[in-house]
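Note that subunit A is present in both complexes that follow, paired respectively with subunit B and with subunit C.
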Partner chain A sequence: MAEGNVIELKGVEKTFRDFWMRPVAEAVRWLDLEVARGDVFGLIGPNGSGKSTTIKMILGLIRPTKGTVRLFGLDPRAKAARARLGYLPELSHLHPFLTAEETVLYYAGLSGMRRAAARARMLELLEELKLAHVRRRTVGGFSKGMARRVAIAAALVSSPELLILDEPTSGLDPIGTREVKELIARLAAGGMTVLLTSHQLFDVQDVCNRVAVISEGRRVGGGVVADIVANAQDKRHALEEYFEARLNLGKGEA
Partner chain B sequence: MKSAFLIAWRGLWRGKTLWTLLAAVVAAHLFLPDAVRSDGTLAGRLEMHVRVVFGAVTALVCAASLAIACGAFAREREDDLLPLSLVRPVSALTLAAGRWLAFLLLAASVLAVNVLLLNAMLWRSDHRPGNCRIHHAPALPPAEVSAARMLEAFLRSEKTPEAVKKAPRAAVLALLTAKEKERYEVVHPGKSLTLPFYAPPGEALTVRVRFSTLYNIKEPLSGVFRYRGCEGPVSNSTQAILEVPLRQAPTEVQMGLASAVPSLSPNLTFTNTGASDVMLRPRRDVELLAPGDAFFANSLRATLEVLAVAGLLAAFGLFLSAALSRPVALFTAAVLMAAALMAPDAVSQFPDEFNATTGEKIGLAISRAVTRFTAALSEVSPVSDLASSRAIPVREMGGAVVADLVGWPLLFLSLTAFLLRRKPR
Partner chain C sequence: MRRFMAIARTAAIETMSQPLSAILFPVAVLAVHLLPAFQYHRFGAAGRLARETGLSSLFVFGLFFAVPAVVRVVGRELETGTAAAALALGVSRSLYFSARLAGTLAVFMLFFVAVAAATALSSFSCIKAATIFTGAGVVRVWGPAIAAGVAGALAPFAVAALLNRFARRRFCLWTCLLTVVLQLPGLALLEDAAPLRVMGSSFCAMAAACVVFVAMAGALATRLKPNGVTACVTAAVTAGFLMPVKFLAPDMRVFWLAEGETSAWRPLAAGAALAALWLLAGCISMERKELA
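After this line comes the complex of A and B, so read on.
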């Protein structure tokens, strides 16, 4: 593993099989990916391109059929690797009977945090995410946006070195989206590595410094966002242009 | 573990599961005793009260433990919550054990309220329970050992048909064991039957017995029981369950039976002084009862046995919930429970294994396997023991607790953890 890489995927393939072990879908095909420390890395691709499968392999929830996945140089299932990780799934399902503060404290507890430290961090996060006034309300009655912010607080409570965000702005209104983007920028400025997936290419262009484009399980492009913007004719829609071009190229190659 | 426990406990608390179960327990205590009929005696009313109320709550707690546990991880997987826990630096076994402890606390809370209510309701009724009694069975060799000896004798005998000699040994042994358990001894008039017992001396002992006759109809009987210098006369009819208190024998002369010498050996002797043959099954029909401790203590032991079973079912439910979706897990649990409850009867009441069809043989083999697997469960009978004032031996209770609250749950929770890692979504 190269020095400074937080995530490294080498020749990763994932084939889903049915009960009789017959291949059903090739979700990821020969994927190489490196995310360096301090990167805000965007994984972009159309629906069904293999982004979520890739994230699940990075999280250790599923094992690759071929290739290796390393997280902080370790197997993603190793406790030492998971201790340095925060994860926000695409849909903010939360235990509806828990209050906002209990939800955050629950995930702090699973991360092995001591009660006093967890409580202090929970209060700090709920304050930052503008949830302090509803911290004692059960999350079952929260709006999508509020539930999303609780899920973000739960992901951040253990102060992870790597934050994996699956569609972080999904379900948020424009103000909520802006606040999350600002939060990601603040976290990145604080040295946190962020890997995110999103269909909102404007958002990715705004917050990420590197991207990878995936199509049909293969990496069809990627690079430094600043370079992509510099080479684009329409600076505002630079990533969108690049994305479309790489997808068409990928289809042509296929 | 604490976090995993707390989240499950809060779910039970705030989801109103705990309160619903407690309300059902209170309702059972208030309404069920009036809804059932007994034989009218105080002892009969006590037995029916305990059997119905304690039985209903036991069934409720066991079914609830299994059903709630069946939904635990299945629901989290449906809601996509499981990956959020599994990506944390915590083992899947810890997640499973925390939830299991919460389900165990739920069962313990409901059972604690139940046992307190049961004692309070009985205390203020006209059929207050007395002390329970320790049941001593005859100290006979296990039925399996007697059956094995019988089989060896059969095989040596020239009279034994070749078909029996060639039959599968396990099947013949199972048949002979069942026969041995139901074996009758005939006591002719003027003759005695001796059975070994190891009840402690110096206790106020009672013989609990049920006699039969050859034609299985009621006939008058009379006789006398003797045990370690004590004796008790019996004069009643066959088929009735009789309790014969044993008192210090006056003297040999006064007993009037020259042939029956009071023995200080640990043997219970019955001498038939009536005019008819009487029969009894040594392994089923006769017990020596010694005074035990208070009903309250016995009800606590019965409660612990029920808690152990509930713990085992909760662990099994968690295992199913890790493997299957919620409806499938619930259906599987219901089918397996029904099979476990019916299998012992299917085995014991199977008419003739040697003339069975292939389908029947397969069914019997499955029933035997299920019976063997669930032996740990079926060996305790807390409801029946408590209702009949049978003192539950601490050793029996301890065995159930160790097996059902430690051994089996450890196995099921380990399998649950394995499945959670294999199938997080």
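After this line comes the complex of A and C, so read on.
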């Protein structure tokens, strides 16, 4: 594993099989990926392209059929590797009967944080995410956007070195989206490595410094966002333009 | 240990926050207090029918709330991705499964305490009534015991509602907790520990059988949908009553009929072994499961 890489995938493939072990779907095909320390890395692709499967392999929730996945140079299922990350799933299924503060404290407990430190961090995060006034309300009664912000607080509570965000702005209104983008930028400025997936290419262009385009389980493009923008005719829609071009190229190759 | 406690505590809160638990806790206790009075009137067996009612309530109501609860706290978490968010943080899968199961079983043990206390009081009430009243044709109960029991079963709703209104406490959770707590003062009416001693071994054996079925449901919930889990547990309970089951499930004829101060050790040991077997099965299943 190259020094400074937080995540490294080499020749990774994932085939889902049914009860009789017959292949059902080839979710990921020969994927190479490297995320360096301090990167804000965007994994972009259409629905069903294998982004979430890739993230789940990085998290050690599913095993690759072929290839190797390394997280901080370790097997992703190693406790030492996963203790250094925070994760926001695509859908925030929080415990509806817990309050916002109990939810964040629960995830702090899972990260092994001491109660006093967890409480101080929880208050700081809920304040930052504008949830302090509803911290004693059960999250079952929250709007989708508020629940999303609680889930983001839960992902950040242990001050992880690597933050994995699956569709972080899903369900958020434009103001909430802008606030999350600003938060990601602040975290990156503080040295945190961020890997995110999103369909909102404007958002990815705004916050990421590197991207990879995935289509039908294959990597069909990627690079430094600043280079992509520099080479584009329409700077505002640079990533969208690039994305469409790479997808068409990928289909042509297939 | 901190992680285990955090997960188990959340599972216990989740179990007690279900409306089904808030209904079944007081209803089971109420049934234990009220049914023997009517049964005694019909059949005239002081104390024994109260204990049989308590044993049946422990088994039936216990399974009714604990099996769906464990399916929810294990199976639903896996299905929705809530478990994935926890496991991604470095929590071991075996620890996660064990803690979720332990949280549900802790609530079941609270239920056990409530039903056992209610049964002791109800059984004592029947015996006391038999010594006071001799006539037939009218339902005879001993007033203080029935008053304490019924108040202990109904008051939790009112107190939990007030706590919810003025202190924002969870209604269902507090109904369950108060049902347990408010059964205990009634035990002060017992003149001696005889009712508790007589029923102790039978109740422990029955609780052990329930623990096995809950552990079985938890392990199966890592792989099957709720309907599949329910079908398997129902089949295991039925088999336990109909035939001499040796492995996987309790032989209910042995567990139900355990009596006396020493004969309950065998079902208790068998129950512990079977529960440990299902815990192990659940842990292995979790370790091998792909959380796609």
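Following the convention adopted for this analysis, the second predicted complex is superposed on the first by the 254 of 254 C-alpha atoms of A that agree within 3 Å, B and C clash if a C-alpha of one lies under 4 Å from a C-alpha of the other, contacts with A are read in each partner's own complex, and residues count from 1 in each chain.
The working rule: contacts are C-beta pairs under 8 Å (C-beta built on N, C-alpha and C of every residue); 3 or more make two chains touch, one makes a residue touch a chain.
None of these values were measured; they are calculated from a predicted model.
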{"item": "Subunit A as common anchor, with subunit B and subunit C clashing or fitting", "value": "clash"}
{"item": "Which of subunit B and subunit C A:Lys79 touches, first, second, both or neither", "value": "both"}
{"item": "First (subunit B), second (subunit C), both or neither touched by A:Ser111", "value": "both"}
{"item": "Touched partner set for A:Arg136, first subunit B, second subunit C, both or neither", "value": "second"}
{"item": "Which superposed partner A:Phe16 touches (first subunit B, second subunit C, both, neither)", "value": "second"}
{"item": "Partner chain in contact with A:Thr53 - subunit B first, subunit C second, else both or neither", "value": "second"}
{"item": "Contacts of A:Leu61 with subunit B and subunit C, given as first, second, both or neither", "value": "both"}
{"item": "Which superposed partner A:His93 touches (first subunit B, second subunit C, both, neither)", "value": "both"}
{"item": "Intersection of subunit A interface sets (partners subunit B, subunit C)", "value": "56, 59-62, 79-80, 82-83, 85, 87, 89, 91, 93-95, 97-98, 106-107, 109-112, 138, 154, 158"}
{"item": "Contacting residues of subunit C [partner subunit A, same complex]", "value": "2-3, 5-7, 10, 13-14, 17, 80-82, 84-92, 168, 170, 173, 290-292"}
{"item": "Complex contacts: residues of subunit A adjacent to subunit C", "value": "16, 53, 56, 59-63, 79-83, 85-91, 93-95, 97-98, 106-107, 109-112, 136, 138, 151, 154, 158, 164"}
{"item": "Partner subunit A, residues of subunit B touching it in the complex", "value": "2-4, 6-7, 10-11, 14-15, 79-81, 83-91, 421, 424-425"}
{"item": "Interface residues, subunit A side, partner subunit B - complex", "value": "56, 59-62, 77, 79-80, 82-83, 85, 87, 89, 91, 93-95, 97-98, 102, 105-107, 109-112, 138, 154, 158"}
